[in-house]
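Common to both upcoming complexes is subunit A, partnered first by subunit B, then by subunit C.
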Partner chain A sequence: MKSPRRLLNSILFLLLFFVIGLPFVPLILSSVSFGWPWPNVLPDSFSFRAWEYVLADSSGTWSVVGTSLLVAFIVTAVNLLLAVPAANALVRNSFRGKWLMEAIIFAPIVIPPFVAVMGIHLTFLRLGLTETILGVVLAHISPTLPYMVRAIMISYNTLSVDWENQARMLGAGPISRFVHVVLPHLLPGIAAGASLSILISLSQYLITFIIGSGQVVTLPILLFPFISGGDPAVASAYSLLYAGIAVLTLVGMDLALKKYYQNKKAATGKG
Partner chain B sequence: MWQKTRPYLLLLPAIGTIVLLFFGGLFDGLLKSLGYFPALGETRFEMTAYTNLFQSSEFWESLILTFRVAALSSVFAAVLGAAITVSLFMLKESSKSGASQVWHRLFQLPLTIPHLVGGYIIVLLFMQSGFLSKILASAGLIDEITDFPVLVNDPFGWGIILTYAWKEAPFVSLMIYPVLSRIHRSWRDVARVYGAGSWNFIREIVLPVMLPAWTIATFIVFVFTFSAFEVPFLLGVTYPSMLPVYSYQLYTSGTLADRPEALAVNIILAALTILLGLVVYYFSKRWNVLKGWD
Partner chain C sequence: MSDLRIINIEKQYPQTKQQKDPAFSLQPVALTIKEGEFFSLLGPSGCGKTTLLKLVAGLMPADKGEIWVGDDHLTAVAPEARRFAMVFQQSLLFPHMTVEDNVAFGLKMQKIGKRERLADAQSMLEHVGLSGYGSRFPDELSGGQQQRVALARALVAKPRVLLMDEPFSALDPSLREEMRELLRGVQKEFHVTVLFVTHDREEAFYLSDRIGVMSEGKLLQIGKPKEIYEQPANVKVASFLGLKNIIEGRVINNRFVSNDQSFEVPVQTSIKTGPSVMIIRPETIRLVPDNIVKNLQCLYFRGVIQQKIFNHGFYSVKVQAGEYLLTCSFTSQEAENMKVGQTIDLMMNNGDLRFLNE
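This part shows the complex of A and B:
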């Protein structure tokens, strides 16, 4: 019984190494390399010059990271305000034209959003929305909103109306019902939706480029010239930074949620 | 009255935003693809952009390339994704610890990596002077840089296919894992009683159970790669280019006359994705993929 499991484990480990580990090896090595001629498997010498360049104030990396996160967080906040009532309506009611409403909200998952952005570009230009953060935020809403609605709908599905009625019977008004009953229950869905929304917003290159016209610089816009034929060491360092920010945002969201439930558990435990 | 209008009022902000920003953009693009530019004094509708496209060989080559790359990417992602999921499932079956949970998390890493970074990872690995070529050369298997096949910025689109296979395999895995996790431990025991080994168990029980979700996941990857821009822009060649890149090239070519054609490519792309999306929707409803079985 024991040996087939060990065999399976080692096969899985090999698969993991080739699929997940190996692809990152050249990226990491290249970011700390100083000259890496073919056919050496390892760089000639190592240096942190690429990282020093990327992390220095003079390269403007931090203001770009700031812009990217600012856009991503505004988009997510707007999505949240739009998605909670929409998810409520879609899960709890059956009404005429519901399929049409769902089709409209989930259409940007199927139809590529850059089609709409290229179409609206000239109108944005006339309204003075190009080259502005506001314009980029507006462009990022349609690719992200459907995922937020979807995630919150899943949470609403498991929230019975009885719980709210119970709170109503105990004398809770609409606001305290929402804050104390509905919101805590929706939180995992909100966290999942927000993570997706941030991740998708962070990875938009084309629509940011069309609407931002190179004036609103986010991480993918900054990265592109480097990876399409620039200095490989700097390109690799930027790629790692970019991927790191995306992964950290997700992990951070996950940890915040866990922490919330721990506090909650502690609080109810005491009470 | 309130009960009747309530859902519409709650939906209004989200629907309004999508209609204005998304469908407004689609409609705006459709009008301009028909040559309707009131700002330039063009108020007539004409099909020139579309007839020009259908007559140009560049458009057809672009369309064929897009289909080929999307098909190969989704098939590779499906095979790799299924291999990962089935091994994770077998590991879970044979162990009680939370180890499989950790494995599952690790395998999802490519999903969180931005597409451009994923593309660059493939560049560093597979370009002619890349990491694999260096390893093969050090092992004495190839002598010259040119002995390594051109897999990045190649006309066939191998670089794009490799990137999507790597990026989307965890997505396929994410879609089929919940279905597999509903296979009871007892089924395995029953199978063993009847003399089925691991391989028989996979072939007779695991594969049939995951088939509907697997097909749908593969199809979603197909629709996604069909209309994605970033990776083909980084890893493709200028000619022939995939449809979204072709549209971008036309849009930014500098001449205003190409813009209706770019927008016409977009409208065709949107129509094709709607068609493919409806197929996915129809089959996922029919096979009850999202809910599983009772």
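This part shows the complex of A and C:
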């Protein structure tokens, strides 16, 4: 019984590796190549020129990474503040026009960002928000918020009002109820929503490009000219860096969350 | 004295479009529960007893009426500030906290220091027989243990009133009895006022100092368990209490005559002329001893045994008398020689009969 299962597991793992891992191989080769003319299977010669350029202070990579992460984290924090009350209202109450509210919140998932961003751009021009980080952050909220709300709504769906009533009957005011009862229950949903929010914010090109007008430079903005402009080696190196940062951020968040739960358990365990 | 006073509280649920039947409403309820008293609300599901409990807790706003404890007017006070506690049907222990922290939660909300509140929690856990379980998490406990923790958690902050919403109905019968014993002991020990909601007659009779019987949003009768059982105020109460032998008939000239004419008994003048019922409690029916001189204080009748069932130490015997199938309780000794199909003479004191106008 066990060995066929193990076999299946290894086949699936290999498949996963080929689908996810294989595309990285040419990317890595390309990033260390020095000329790779068609139809050669391998590059002619190797050099670390691209990486030297990317990692050098003069290319400004690190400040761009900083900007990208700053935008992503602010967007996620704002999303959190918006999504928790929104999810609460959408799950717990039934009111006239609720479907319309949900439709508006979830619309960015189906409507192309280009449609909205033109209007946003015009408005932001008048408000003087273009070319600022604040403007980019605000513009990033529309494509990321739906995922955050969705994830937290699922958490709220499984939280019966009885829990809060119970806490209430034990003397817990609104803040205590939220901190001690609601938040711990929402945490997995918040983690899922925050991961999506960070990833989507990190990968926005069009919105950042239009609202930031080249003044707010995030990784995709930095990457794009190299892809279209003909230095595939540097583009590959940036792509790898970009993927690495996304993965690191997610892993970091996951670890922080696990640590939070462990601490909680350890602290209560000690009593 | 800090009695709990419920003054003409009422609640009307708005009628929704989907439901065609009239909206449920809780008729005005007036009730005083003495300090340290164990009061049960007994009624079938959907009779409004949980609604009443939530109104008292403040988890639901009342349309009219007031709640007082002693001299404190609590109608407008938020539930978290009423210093009540509540145990729900599910234990609702916070899953991310240990048993100890769960029990200490109420004290934490009162800003009591960590050492003190954990010590209190420990001693309360001891009272419910769970000392040593403090550092476990709720999912490591059985259903009965979880409900014990919920009880400890409710009691630890010394609530003015403990509200309980069918707390044992999710447990299996033997565990339920154990919990009953425990609750009774703890309630007497801490002298806590309890408002208990249940649909289980046995539970209510076992635990309560007084019982309020509810049906369809109305509080029908309040009284000590014995009073309610022996003198139900009306047919609804009697049938909900599971009283057998409800015989329909009419009262004419201060005499009750059953519909099939087989029973005729004098009644007190307080019973009005007209359609009414007679209730015979199974344990008041006796065999007629030999050589007895019949007197007017007793009702005699003859019946045919239809069924004989052994039931927890006594026999439950069904006797066909006239058109009625009466349930009687006999001791094993009395029932020894009874056989199905046999005709027997039975009697009861007129004073044990209960008459109600319909």
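Going forward, the second predicted complex is superposed on the first by the 244 of 271 C-alpha atoms of A that agree within 3 Å, B and C clash if a C-alpha of one lies under 4 Å from a C-alpha of the other, contacts with A are read in each partner's own complex, and residues count from 1 in each chain.
In the analysis below, a contact is a pair of C-beta atoms (placed from the backbone, for glycine too) under 8 Å apart; a residue touches a chain by one contact, two chains touch by 3 or more.
Note that the structure is predicted; figures quoted are calculated from it, not measured.
Taken together in the superposed arrangement on subunit A, subunit B and subunit C fit without clashing. After overlaying the two complexes on the shared chain, residue contacts for A:Ser63 are found with neither subunit B nor subunit C. Comparing subunit B with subunit C, the partner in contact with more residues of subunit A is B. Of the two partner chains placed around the shared chain by superposition, subunit C is the only one that A:Gly171 touches, whereas subunit B remains out of contact. In the superposition on chain A, contact of A:Asn157 is made with neither subunit B nor subunit C.
In the superposition on chain A, A:Gln215 makes contact with neither subunit B nor subunit C. Applying the stated contact rule after C-alpha superposition, one finds that A:Met118 touches subunit B and leaves subunit C untouched. Of the two partner chains, subunit B is the only one that A:Leu145 touches; subunit C does not reach it. Draw one line from the C-alpha centre of subunit A to that of subunit B and another to that of subunit C; the angle between them is 100°, to the nearest 10. Remark: least CA distance from subunit B to subunit C after fitting both complexes onto chain A is 10 Å.
On the side of subunit C, the complex with subunit A involves touching residues 57, 59, 78-81, 83-86, 88, 90, 92, 94, 96-98, 100-101, 105-106, 109-110, 118, 134-135, 153-154, 157, 163.
For subunit A in complex with subunit B, the residues that touch the partner chain are 4-5, 8-9, 11-12, 15-16, 19-20, 22-27, 30, 38-41, 81-83, 85-86, 88-90, 92-93, 95, 98, 101, 104-105, 107-108, 110-120, 122-123, 126, 138-139, 141-142, 145, 149, 199, 202-203, 205-206, 219-220, 223-224, 227-228, 232, 235-236, 239, 242-243, 246-247, 250. Those residues of subunit A that touch subunit C in the complex are listed here as 162-163, 165-173, 176, 180-181, 184, 264, 268-269, 271. Considering their complex, residues 4, 6-8, 10-11, 13-15, 17-19, 21-30, 32, 39, 80, 83-84, 87-88, 90-91, 94-95, 103, 106-107, 109-110, 112-117, 119-125, 129-131, 133-135, 137-138, 145, 166, 169, 198, 223, 227-230, 233-234, 244, 247-248, 251, 262-263, 266-267, 269-270, 273-274, 276-277 of subunit B touch subunit A.
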